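The structure follows.
Order of writing sets the chain letters: A, B, C, D and E. Residues in each chain are counted from 1.
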Amino acid sequence: MSHAPSAGAAIPKAQFDTRPLWLLAAVMAAGAALVGSGSTWLTLTVAGLAMGLIVFIIASGLTLVFGLMDVLNFGHGVFIAVGAFVATSVMGGMADWTGSASLGANLVAVGAAMVVAMAVAGAIGLVFERLIVRPVYGQHLKQILITMGGMIIGEELIKVIWGPAQIPLPLPESLRGALLLGDAAVERYRLLAVVIGLGVFALLAWVLGRTKLGLLIRAGVQDREMVEALGYRVRHLFLGVFVAGSALAGLGGVLWGLYQQSVVPQIGAQVNTLIFIVIIIGGLGSTLGSFVGALLVGLAANYLGFVAPKAALFSNIALMMAVLLWRPQGLYPVGGR
Amino acid sequence: MIDRLLSADPPRSRLLAVLLLATVLGLACAPFLFPGAKALGVAAKMLVFILLVASYDLLLGYTGIVSFAHTMFFGIGAYGVAIAATRLGGEDGVGFGALLMGLAGALGLSLLLGLLIGLFSLRVKAIFFAMITLAVAAAFQGLASQLSELTGGEDGLSFSVPEVLTPAFEPFEAPVLGRVIDGQVITYYLLFGVVLLVFLALLRVVNSPFGRVLQAIRENDFRAEAIGYRSAVYRTGSTLVSALVATLAGALLALWLRYTGPDTTLSFEIMLDVLLIVVIGGMGTMYGAVLGSVLFVFAQNYLQEGLRWMGGEGGWLAEVPVLGALVSPDRWLLWLGLGFVLCVYHFPTGLVGRLRARSTTGPSPADH
Amino acid sequence: MLETRGLTIRFGGHVAVDQVSCAFAPGTLTAIVGPNGAGKTTYFNLISGQLPASAGQVLLDDMDISGLSAPQRTRRGLGRAFQLTQLFPGLSVQENVRLAVQARHGGGLNLWQVWRDRRDWLEETRELLAAVRLFDRRDALAASLSHGDQRKLEVALLMALDPRVYMFDEPTAGMSLDEAPVVLDLIRALKARQDRVILLVEHKMDVVRELADRIVVLHQGALVADGEPAAVIASDVVQQAYLGTAPTGDSA
Amino acid sequence: AGEIRIAHIHSKTGPLEAYGKQTALGFRMGLEYATNGTMEVAGKKLVVIEKDDQGKPDLGKSLLAAAYGDDQADIAVGPTSSGVALAMLPVAAEYKKILLVEPAVADSITGDKWNKYIFRTGRNSSQDAISNAVALDKPGTVIATLAQDYAFGRDGVKAFKDAIKQAKLVHEEYLPTNTTDFTAGAQRLIDKLKDQPGRKVIFIIWAGSGNPFKIADLDLKRHGIEIATGGNILPAMASYKNFPGMEGATYYYFGIPKNPVNEALVAQHYKQFKQPPDFFTAGGFSAAMAVVTALKKTNGDTATPKLISTMEGMSFDTPKGVMTFRKEDHQAMQSMYHFRIKVDPAFAWGVPELVREIKASEMDVPIRNKR
Amino acid sequence: MTALLQLDGVHTHIGAYHILHGVDLAVPEGEVTMLLGRNGAGKTTTLRTIMGLWPASAGRVAFRGQAIGGPGSAFATPDIARAGIAYVPESMGIFSDLTVRENMLLAARAARREAELDRARLDWIFGFFPALHKFWLYPAGKLSGGQKQMLAVARAIIEPRALLLIDEPSKGLAPAIVQNLVQCLAELKRERTTILLVEQNVMMARALGDQVAVMDDGRVVHTGRMAELAADAGLQQRLLGLSLGAHA
């Protein structure tokens, strides 16, 4: 190794991969070509991006839990459902605030629902991790089964507490309806989702990119013993991440429930496949990846839904297949899994 | 002789052997031992699941491939028979010819799809593959409900079967051993025979040189390639064998139910049941499929009644606050879910693994 | 019998093996040495087909086998033991070796035979296990062996294949002083058969000195020396870049 | 004395648990009411055996067989989902016993999959669609439909379309059942409707997950487009509050029918549960009324041929007024209600106010079986 | 000289297997203790037991007089590491998905980001193992066998620790790098870092060892000064050589 640079030379720096972002742009361009009309395209694109952000929020918890921690948590939907049901209770109890025409009061109600939902989902996540997930770290099959068992239990408990029937979760007054941008209409609620989605993205990207947390989790998944031998408490780390993931799912549940405007116990199970697809497209554990993946999902559904509604049923799956054929480990591969 | 039949892979635990024997005898005499339509239905479902789960064990336990598309093949078998019976049934009802044609068509389609999936598995690895199969299975289910002309959509297909297999067919005047022999019983024994034979065949496959290579690939496919086994060939082979057996199992189920629909064969729930049974029974043991299926199908069908019997409905337990709501038969899934969790906890190596560990002391430790 | 022509592989901008042309004859043991990261293992990977070459060919009996997959090459007589142990961890020691024996006999696609019936394969397996002194541990899982024992099993897998070309990648690394000679004896016996090509990557110079008929030196992917052991070891490049004995300013 | 055994198979668990529970409750209340609380007909005790089909067709099928075979049920009622019902139909024929379908809606139950042992008190999809068509069918109205892209949605639209006489149907939009974002579909509908003259209506047929009413958030009003849909269970009608003035036709709403049976049901339900009865409660109640009426007529005789001949053409009281099993396909012919939504702060849902009762005679419900 | 690390009658079971049968060992502060023994003797198991990766089923492991292992000990692996022990496992324990940089960053507990790494110490390490500098941004899984071994050692010394447990560091290393390694460990020793070293390479053992302990069949069968062993060919033969080959 005689040509190795002498000690003290500059250490090489990593480069950022922009190609998935170009893909996003290409999809939008393709959408424009297919859709034709400008205002329709704008409506579809804005709605699709906003939808993507909602999907990103509900998927963000899973990015941590499944993507980074490698826990195939099929029970993730339960936290989403819990979040949504907690929102029905909180917002049901704040009728004055949600019914008021003032945006501020409405946002307080939604905010309160989010905080409580995150707290409750996080607390349940704590129990879930200790009782259900902890014994099966690193064992995918058992994770699937045991978390599925957890999911069933969770869903049944929800039925015990809130009943099996659908519960309405109406949007607060001022979040209903649309804003008009020329001929294009954008639902107000989606704008709220955009703000929150971007916030979650920024927070996750910062925490995982600027601190050692992301590295620690990935390393802990690969060789837990070694990480412990380096002096880190993997147990606490994983617990913390799981709770954070659950809380994010709770947040997602509030947003999803408000989007659907009603809540059923199966609400979490219904989005399970969707969010798994997003995480896979993103590359298992990459925040940016699942962000881009969610946006792609949102856009593809809208463009395809407009051009060929019949095919929209398979748009997510087709998208996932296409991405994996291009990049077998997702848009932003995280390690060699 | 018995050793030959079991392909030199005996249960290796006395208790396990006893349990297996009891299961086989119980299933063989089910029509006479357990009267009633429900009991026979449960027994038939056990039979079908034994085959389905065993085929999945070949894939998962022996080859180490996690696929969620297994119910797709199950569904293909069921729909093959159902569609053939509805379409090809002539004036004088449905003949065995039509059913066999349906089965053959289904096997062909499974072969084709199995190959395609196998090819995809070469491109993407492990967990990505699992997720793709999950999506493929979902897409297939969507397709089945879309093509309602052919498949009956969400509602599924009810169809008739050859006369000998219908409940109306009663060859004997008097009951035999206290049971009226009708077409249902005949169908049951048809199922029993096929399942027994195919299960033994599967046992043979996993104990063949081929089966051992599958294990090697599961353990370390890189190494398997480096000693000269083309893992693509073996993986695909395993996928195909298991797909074909699953198809057969699907056909048997359809034959038994005289009905098929998306929820009955294609749903993710069934996939999950299969996965659970494999794990509870003991992965990579084949016998696990038998014990697991019997146990699980039993629980699935009688848990609710168990709760009712325990007093969860109208009984004293129902009066207890909170607990009352929890032990209500309507919440039986709660207890099944709890069972899931506890089984995974307490049988890390499955029932068979547990039983075998009890009876052998294992290889002796380091004795330098 | 085995030859590489201009064999090259690039990983991005990094050329790990650079235009290596070399021929190996039966009956000789060629030691391949070079600093860490010189490309020795990668060279093996290219020969045995674990990695596809960016350029160049691998010839076996004057036939170009560059297009063949790893299993195909193995079945044509290229055998490989790995530097970082590659075993079937969840299978017993005996089953590890038996699978390799079975691979050599090509019975893997038989779906109907009962494997236990192949007594002949079992006999062979047991002989091999005895040869590497793992017979007592035949029922233990490969994963539960100590590191040194795993290395022996790795060698046993290669021996079971009985290929025409043996490639050993640091076979004795991590073996204790009394175990290493067992493996070295096996290699010596192979050499004595005079009909096998033996390639050996080894950092222990005493072993190389004693066993090798010829030494090939790789440095930064390129073949920089090739010849008589004594001469090669004495050469500058080996002394400086590899042994680090010559007084130089650079520590590497 | 002896007893009469009635099996009630429904979704006590599974995705339709909430519906199944309502039906079961309604059925029990109906039996009580019809027997004046004695639970006896002609001196015979009515024994109800409840079974849970979990929404699974194969299970439903084997439960029905077990009910007729093992439990010696004389008559069976249920199930909740159409898929389960269709799987059950042949069993009734095999055991030669009556299956009274409630509330599964698929047309084919009394259509091409029908056999003579099948009766149905619940409304079928055609009745739903036709009544909605009658409610919306005015000259000068332009209609586009939005439905799920599978058999249920397509059949509904077809029946709706066939029943439209004066209005103009300009577009049928079908979206996948798993649709979550309705923007694209809405956009297509808007494009089709916005330049049409006259009253513009999007008629929605949707069941299960997803909320198609969200399309209203795209500000359809600026194009003068209205939304219409049928009735639903109360929690689902909460979102109707956003659509005051919306019209459609419903099967049942507790405030609409004016008759003693309904009054009794509503009063009893309020008394027991402090809330009004819902959609499926009324259905279960009706089924019970049908069973008891028939048994009273046969004087407790449960022989199937006797029951069939009694029930064919039989009229019976229900919370929705008098229903009649028509001879041809054993479908209960019944009134439907044209409603308009009013927002009343006293209720958590949009209140459907009766515009007009659509009598059974006004609806030309086709007979589709092969009798 | 006080013992920094002390093992008294340590037994270890792995599952049903009894591997260590009462290990007694004292590692004096500031010295290099060589742990020798043939394959399967239990060296690796001993190191793992000290690290808390296998629980000691009986006996006591004490570090600076405090019990860090044995029944009743409240110390888990992370606590043991934080007490000042670094470990280079036999299997290297490289995080192959992570880059060399990220591997090093994790090993440096004090640094949250790359910028916070101790550059001087890093350069000192690069001096011994230049390959790590060259492949700084490479996924560690793609390094050559020897390079991985360098990374494993480098990780353990990125920050000063009181005690290093090193399991066969020289395997796979080219002779030049082995010399660097010896030099590196010697420098650490000068800084009074205590080292417990498992090694088959005699040259290294001689160059570094102060004290030596020889294991066989899960027990320490000999302890003494390295110099004595080096001088006594008969002892070497008896403890390490072929004459002890009790294998079948």
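As a convention for this text, contacts are C-beta pairs under 8 Å (C-beta built on N, C-alpha and C of every residue); 3 or more make two chains touch, one makes a residue touch a chain.
Fair warning: this is a prediction, and the values are worked out from it, not measured in the lab.
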Q) How many links in the shortest chain of touching chains run from chain B to chain C? A) 1
Q: Would you kindly say which chain has the C-alpha centre located farthest from the C-alpha centre of chain C?
A: D
Q: Find the chain most remote from chain B, comparing centres computed as mean CA coordinates.
A: E
Q: Could you give the separation in Å between the centres of chain C and chain D, each centre being the mean of its C-alpha atoms?
A: 75
Q | Gap in Å, rounded to a whole number, between the CA centres of chain D and chain B | A | 36
(Q) By the touch rule stated above, which residues of chain B touch at least two different other chains? (A) 142, 146, 331, 333, 366, 368
Q.
At least two partner chains per residue is the criterion; list those residues in chain E.
A. 17, 40, 127, 130-131, 247
Q. Multi-chain contacts in chain D: which residues touch at least two other chains?
A. 17, 149, 176-178
**Q.** Residue ranges of chain C touching chain E (in the complex, touch as defined)
**A.** 11, 34-38, 40-42, 83-84, 133, 135-136, 144-149, 152, 169-170, 173-179, 181, 203, 205, 241-244, 251-252
Q.
Looking at the complex, which residues from chain B come into contact with chain C?
A. 4, 7-8, 204-205, 207-213, 215-216, 218-220, 222-231, 233-234, 237, 241, 363-364, 366-368
Q | Complex interface listing, chain B residues touching chain A | A | 60, 66, 123-128, 130-132, 134-136, 138-139, 142, 146, 272, 275-276, 279, 283, 325-326, 331, 333-334, 336-341, 344-345, 348
Q.
List the residues on chain D that touch chain A in their complex, please.
A. 15, 17-18, 21, 149, 173-181, 183-185, 187-188, 191, 209-211, 213-214, 217-219, 222, 233, 235-236, 238-239, 241-242, 348-349
Q. Contact residues on chain C for chain B in the complex?
A. 48, 50, 69-72, 74-75, 80, 82, 86-92, 95, 98-100, 102-104, 106-118, 136-137, 139-140, 157, 160-161
